[in-house]
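Structures follow.
In what follows, chain A forms one complex with chain B and a second complex with chain C.
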Partner chain A sequence: MEIDNFFGPIDIAISGIKAQGKQLELISSNVANARTVDDGKGVPYRRLEAALKYDDEIGGVEVDKIETDMSDFLRIYDPGNPQADKDGYIAMPNVNLPQEMINLNIATRVYQVNVAVLKRYQRMVDNTLELLR
Partner chain B sequence: MNLEINRVSNHLRGISDSRVTQPKHAADLGGMQKAGSTDDKKADFANAIKGYVSKVDDLQQTSNMSIKDLLSGKNEDVNSVVSQVAKADMSFKLLVGVRNKLIEAYKQTMNMPL
Partner chain C sequence: MSKTDSIIELIDVGIKAESLRQKAIANNVANLQTPGYRRIDVKFEEVLAKSLDSSDSVNLSEIEPEVYQPKKTPVKPNGNDVNLETEVGAMIKNSLRHKTFIRLLSKRYKQMEMAINVGR
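Here is the complex of A and B:
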């Protein structure tokens, strides 16, 4: 991480905002597909999660990769459903809605905090420039 | 905004030119480099100011371009636009602050009773 960088805090805060934006995108995808029985390959949708990584160049954060949650699918007993197997069960995505809501709250808060840091840094610089007057 | 930049740059150029006629002041203000004659130092001051102004101008241009790209739909990343605008705003405020201080110093020098 570079030291003595005037715009460093701006870049870092923006990187945090971007990362949380991506997180938000994945959460919305998970929520929207909470009942998707076919992900295009004949199996139910698997929930996605972003793996964040420290960005050594600016000291911020970046989305390293998007990982698929490989935990078991939710099995629902619904014998009347045409897609049910011979025992009457139907496989549903491994999306846990309450958990997604909590993740959504965390992502929103972290986003807000990054915006607050950006604003505060701007105010700090403004205060310093007041000294010139 | 560009007009503003040009005006500031003209002001600063004017100041640096007026400093050329006052070698002592030019030497004091351009004291960033230790080596070289007073002539070099005079040029250094003007060049330093020019360098800073063009840096600030570059930031303004990139922020302008990113705003245009956003509005024309070429780019949809609001975050980088915000970052560019924040950088341009900050550096411009700093430049204006320094410029005002320089003008003030110039006025004080001119009002000095001889």
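Here is the complex of A and C:
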């Protein structure tokens, strides 16, 4: 990402907004698939998480890659379910809804803060331009 | 070093480039969901800097802002690479630059007015 000095804060705030937008997208995918038993390959859905990274210099944040949570599936006892194994258990996605709600709150707040930084910087430049009146 | 004495002319090409860029941004936002659309941007500062650096005399009215496809943002599955956040950022930067040019222009006119009013 290219940064010019004067508009650096704008680019950085926008990169933060983008990254949190991606985070929100993944949270909504996790929540929507909280009970998806079959992901198309016969195994339950695995929760996704965005890995963020930064450049060495001041250059904002970037979504590096989207990682899959490889923790164990939740096994619940449901003998009536046609997909249950011979012991009556069925594997559920490793999505933990309370955890997703907390992540949602964090992502929303960080998004808001980035917007606030953007607005504030815009006002600062506006104030500088007032000197030119 | 500037090769032109005409500040107003310089501001004029700047404002023209800025309104062209605003058009490009509006076009990008309008095509936010159009399959296969690639975002467009305006190359002006580079063109201006190059012609001011060159040894030939500069005719500002000949500096044409260039519309191009940067093709730098990630492409979505439908072949579209417009990102709303990027466009909002570009718009904020564009309007701040625009404001700067307008202020400089009005300052220049005020200076002229001051000169006219000398001795009144």
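Note that in this section the second predicted complex is superposed on the first by the 125 of 133 C-alpha atoms of A that agree within 3 Å, B and C clash if a C-alpha of one lies under 4 Å from a C-alpha of the other, contacts with A are read in each partner's own complex, and residues count from 1 in each chain.
By our rule, a contact is a pair of C-beta atoms (placed from the backbone, for glycine too) under 8 Å apart; a residue touches a chain by one contact, two chains touch by 3 or more.
These numbers were taken from a predicted model, which means no experiment stands behind them.
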item	value
Simultaneous placement of chain C and chain B on chain A, clash or fit	clash
First (chain B), second (chain C), both or neither touched by A:Q122	both
Contacts of A:M70 with chain B and chain C, given as first, second, both or neither	neither
Partner chain(s) touched by A:I10 [first = chain B, second = chain C, both, neither]	both
Chain B versus chain C as contact partner of A:A51, first or second or both or neither	neither
Those residues of chain A which chain B touches in one complex and chain C touches in the other	7, 10-11, 14, 17-18, 21, 118, 122, 125-126, 129, 132-133
List of chain C residues in touch with chain A within their complex	83, 85-86, 88-89, 92-93, 96, 99-100, 103-104, 106-107
Chain C partner contacts - residues on chain A that touch it in the complex	7, 10-11, 13-14, 17-18, 21, 118, 122, 125-126, 129, 132-133
Touch list for chain B against partner chain A, complex	79-80, 82-83, 86-87, 89-90, 93-94, 97-98, 100-101
Residues on chain A engaged by chain B in the complex (per definition of touch)	6-7, 10-11, 14, 17-18, 21, 118, 122, 125-126, 129, 132-133
